[in-house]
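Both complexes below contain chain A, partnered by chain B and then by chain C.
Right after this comes the complex of A and B.
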């Protein structure tokens, strides 16, 4: 079925169930309970999970398979967002043309940047992509202000021409993005006892597109093309002397992953129609690298896990402030309470990146295969006798 | 006219004349050995044939076409395959995948965007790769990680990968260097078998005289970048110039 083997099909089905049931799974705590701050089932956070999932899945096609580490993929994310917002301004509030344009324009950018950067490999390739992304960022921030609206960012206004649609709604507001009339922001709230679950149209669109992206990435991983990409990573000398030209293979992988990033950028703008230069900044490029490595580069599910992990903890840790901490540690004697809060303070709120850095170091040192390897270790712990544990696992297909 | 014609090839590295006026003709369907002391320029010559190096002067013709100015993958697609001094294989891939890649290269050329095709639909490739593994006597290692094999097996796999491309000319650079006696003999047997069973021209660079005299039909002796003599193996053995070149080095 679907041209997948049993193992991959199971993986796809699990991901499908998780994404479709995310509004339940991510809201395990009753709305009024103290634990509610650990809930993640809000539309905009869930949208971020799957959109960054798409970004990371695409990035992994390049980095995981060919080993070419791009430090500039956020440029494509930004290009996708700008393209989509322009489509909303000029054509219609329907997200489909916006998403398509985002993918096409980012694909063209990827051809250009990839063609130049792939003349080098290793660290030089990484630096070239970083340079291109910083160039794009600076262009967007200042030089190209007529297109990008500079530091303010590109937004919808009340006098956008919009060929297929109106510039302003009847009550004088800016129209909202929709899929053939289904508003992306529309949310159905289901209350079950003390729980509240939110089903958002935009989230489900993004989730379905992520599933399609995930499916496509499985097909690519298992295809002859995917095997060639792994061969590029393994031994380019042998590839050359086997009559194969590595350049078009790596360029194709680069463009595919650039288009995934553009798709993610287009979806971001479709959920919230604005685009700013900061979306292209090197920190954003670095984040997708972290997601892939944290989840498990070169594995199928790793990048999705990494994206979810980082976005979830970013949200939780950023929300915690000193007041929350004082509440938690209220049971301690006053002096000790203040001391504990003082120690934890740098790791929360704006200091979340410090926590992320530490988590990242721990994973790279103790779990080089990322969260996927962690999962495999746990599974082995439960499924096998400890005696078998020392043996290295035989070559397994990527999870 | 041989299948490979090297004319007046010179190659300098800075002040060092690595190849000086090399002329060489390799007859089709023969096994031609190139021997010579260390630093004689054997690997340099081979690199000039496969596009890794470009000679300063001279010409290299394969089957009537010049190989100069072409990249290694283009030259390979013309029908020249190369085995390296240290086996070059795809270590991170399985043995079967290693064997499938040259099969794809043979069928589809230097690039094809088969990104969503299913491997299961590539039955011809799978069958051919399996047949090659059986020929190479390593079908039992089909799903092994290629990097985890012994050096002899890696060499065997590499030769098999080259053969899967059905090349017209197979170049081997010291294929038994650093091998144990048993592995060396296995490799000799494998090459003999290849020579007997296939329409293929083999050019072999070798240091080990045992290997050379078991296989070669014709031998060129290279010294200081220039061919000293070219003759049948039996005439090479006692040739005074060869003794001089070799003994001079050994002494």
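Right after this comes the complex of A and C.
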């Protein structure tokens, strides 16, 4: 089915079930319980999960397969967002043309940057992509203000000349983004006992697109083209000796991954029609690198896991404060309770980035294969079969 | 003409900061072969050494002065820094005033210690791994260091003043026969430029004229052979890492009065410093210094109004643009050596 083998099909189906049931899975706690703040099943966060999932999947096609570490991928995300918002301003509030334009423009942008950057490899490639991304960021802030609206960010206004559609709704508001009339922000709430589940149209659109991109990435990983990219990673010199020019392949991978980023940017703008230059800053590029590595670069599911993991804990950790901690550790003796809270305090709330940094370092040092490798190690620990010592110890991440 | 001289001068102080950081980066890269993304964080820690020292010197105790009243009519509380109480008001005040230059001595041991811990504790384990892994782990470390500093000092920039003697500006124009006030330049930036040339000079002299430096240079050229001769090259490279950290830290200490330190200043400088290293040529110390000053001066030229009106936005992108052109036309950078990180 779908041209996948059994293993991949199972993976795709699991991901499909998880994303489709996310409003249930992410809402395990009743709304009136103390744990309700750890629910992640609200539209805004779920959208971010899948959008960053798409971004990370795309990044992984470049980094995971070819080993080219791009430090400027956020530029494509930003370009995608800007073009989508312009489409909303000029054409219509339908998300389809916006997303298409976002992908096309970011694809063109990727051809340009990729053509230049891919002339070098290794650290030079990282610096070149970083330089291009910083250039785009700086330009978006300064000279390109007529297009990007500078620091304020590009937003919809009441006098946008929308060709297909109205500039303002009947009651004088800004029209909302929709898919052929289905508003992206429309949410159906289902109350089951003390639980409240939210089903958001925008989330399901993003989730479907994420599944499609995930499927496409499986196909790329399994295709002869994917094999070629892996060959580039393992030994480019040998590839040259066999008479093959790796540049068209790497460029294709770069453009595909740039278009994924553009798609993510377009979706981001479709969910919330504004775009700002800070989306292009190199810290944003660093974030997608973190996601891929944390989840497991070069694996299929890793980047999605990493994106979900980082976005979930970013949200949850930021919400924990000292009061919550005191409640948790109330069972400890007073002095000990204060000590524990004092120790944990720097890592929560605003200190989330500290936790992320430490976590990231630990993963790079001890678990180069990311969460996927961690999962495999745990499985191996508990599997009945004694560890296959005969085989080389190199951990091959599952794909 | 006076405008050109002014721009060159303006470029020098930023250029010296770039050159110092790039020098440290190149030292680490040339000796240990590690791409250190945490080097900007070392610069930032240096700047915060200056902040810390000035805070320590300003620790005060309160006394109640019965003779004066504050606006509520209560007896006025007078804060006296301990140093003023211990060393007398004049010496104490001078100490506080000179806190930034004093921080040089305060920061050197701290930075060397930080460098040692970083190298022995973390980077040592990454020699054999891919450059991408080195970038990633030092990037993580940079985030951690940055967040730790943010936790202790907050997210706002902390103004740290230069000594009173160096406040104000120097009128260069008069010296060269231009109109007065045509070329004015803050004293502290002049000090910064002098200080950085001194540091750069001493690093080069240390490598060129001492036995230790000779061994290190030999190790940079061929690590294995030096090791076979019975020299513990790893130990010397660790010391070089400490020195590189100290150079970055000193650059940070002296930069504190120019730009109030905040926790992300390291990252801002790091990206540019990497560009500088690449332009200068990976692994080439003179190249790093040359490229640092060159790009600093180019940046300030590009921010001249005449040039900005010619090519709008050029001031924002000039460094990156130069880097891209250099990387594509001269892959080894300005002064890169053959065979060092060409791919």
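Note that the second predicted complex is superposed on the first by the 363 of 399 C-alpha atoms of A that agree within 3 Å, B and C clash if a C-alpha of one lies under 4 Å from a C-alpha of the other, contacts with A are read in each partner's own complex, and residues count from 1 in each chain.
The rule we apply is simple: a contact is a pair of C-beta atoms (placed from the backbone, for glycine too) under 8 Å apart; a residue touches a chain by one contact, two chains touch by 3 or more.
Remember, it's a predicted structure, so these values are computed and weren't measured experimentally.
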| item | value |
| --- | --- |
| Clash-or-fit label for the pair chain B, chain C on chain A | fit |
| Touch count on chain A, higher of chain B and chain C | C |
| Contacts of A:192 with chain B and chain C, given as first, second, both or neither | neither |
| Chain C, chain A and chain B - angle at the middle CA centre, rounded to the nearest 10 degrees | 80 |
| Chain B versus chain C as contact partner of A:242, first or second or both or neither | first |
| Partner chain in contact with A:170 - chain B first, chain C second, else both or neither | neither |
| Which superposed partner A:252 touches (first chain B, second chain C, both, neither) | first |
| Touched partner set for A:143, first chain B, second chain C, both or neither | second |
| First (chain B), second (chain C), both or neither touched by A:219 | first |
| Distance of closest approach, chain C and chain B, by C-alpha atoms in Å | 13 |
| Residues of chain A contacting chain B in one complex and chain C in the other | none |
| Residues of chain A defined as touching chain C within the complex | 67, 69, 116, 119-124, 126-128, 130-132, 134-135, 138-139, 141-144, 282-283, 286, 289, 293, 346, 351, 353-354, 356-358, 360-361, 364-365, 368 |
| Footprint of chain A on chain C - complex, ascending | 35, 122, 125, 131-133, 135-137, 139-144, 146-148, 151, 267, 271, 274-275, 278, 282, 312-313, 316-317, 320-321, 323-324, 327-328, 331, 341, 343 |
| Sites on chain B touched by chain A in the complex | 50, 71-73, 76-77, 81-82, 84, 88-94, 97, 100-102, 104-106, 109-120, 122, 125, 143-145, 161, 165 |
| Residues of chain A touching chain B in the complex | 3, 216, 219-220, 222-228, 230-231, 233-235, 237-245, 248-249, 252, 256, 394-395 |
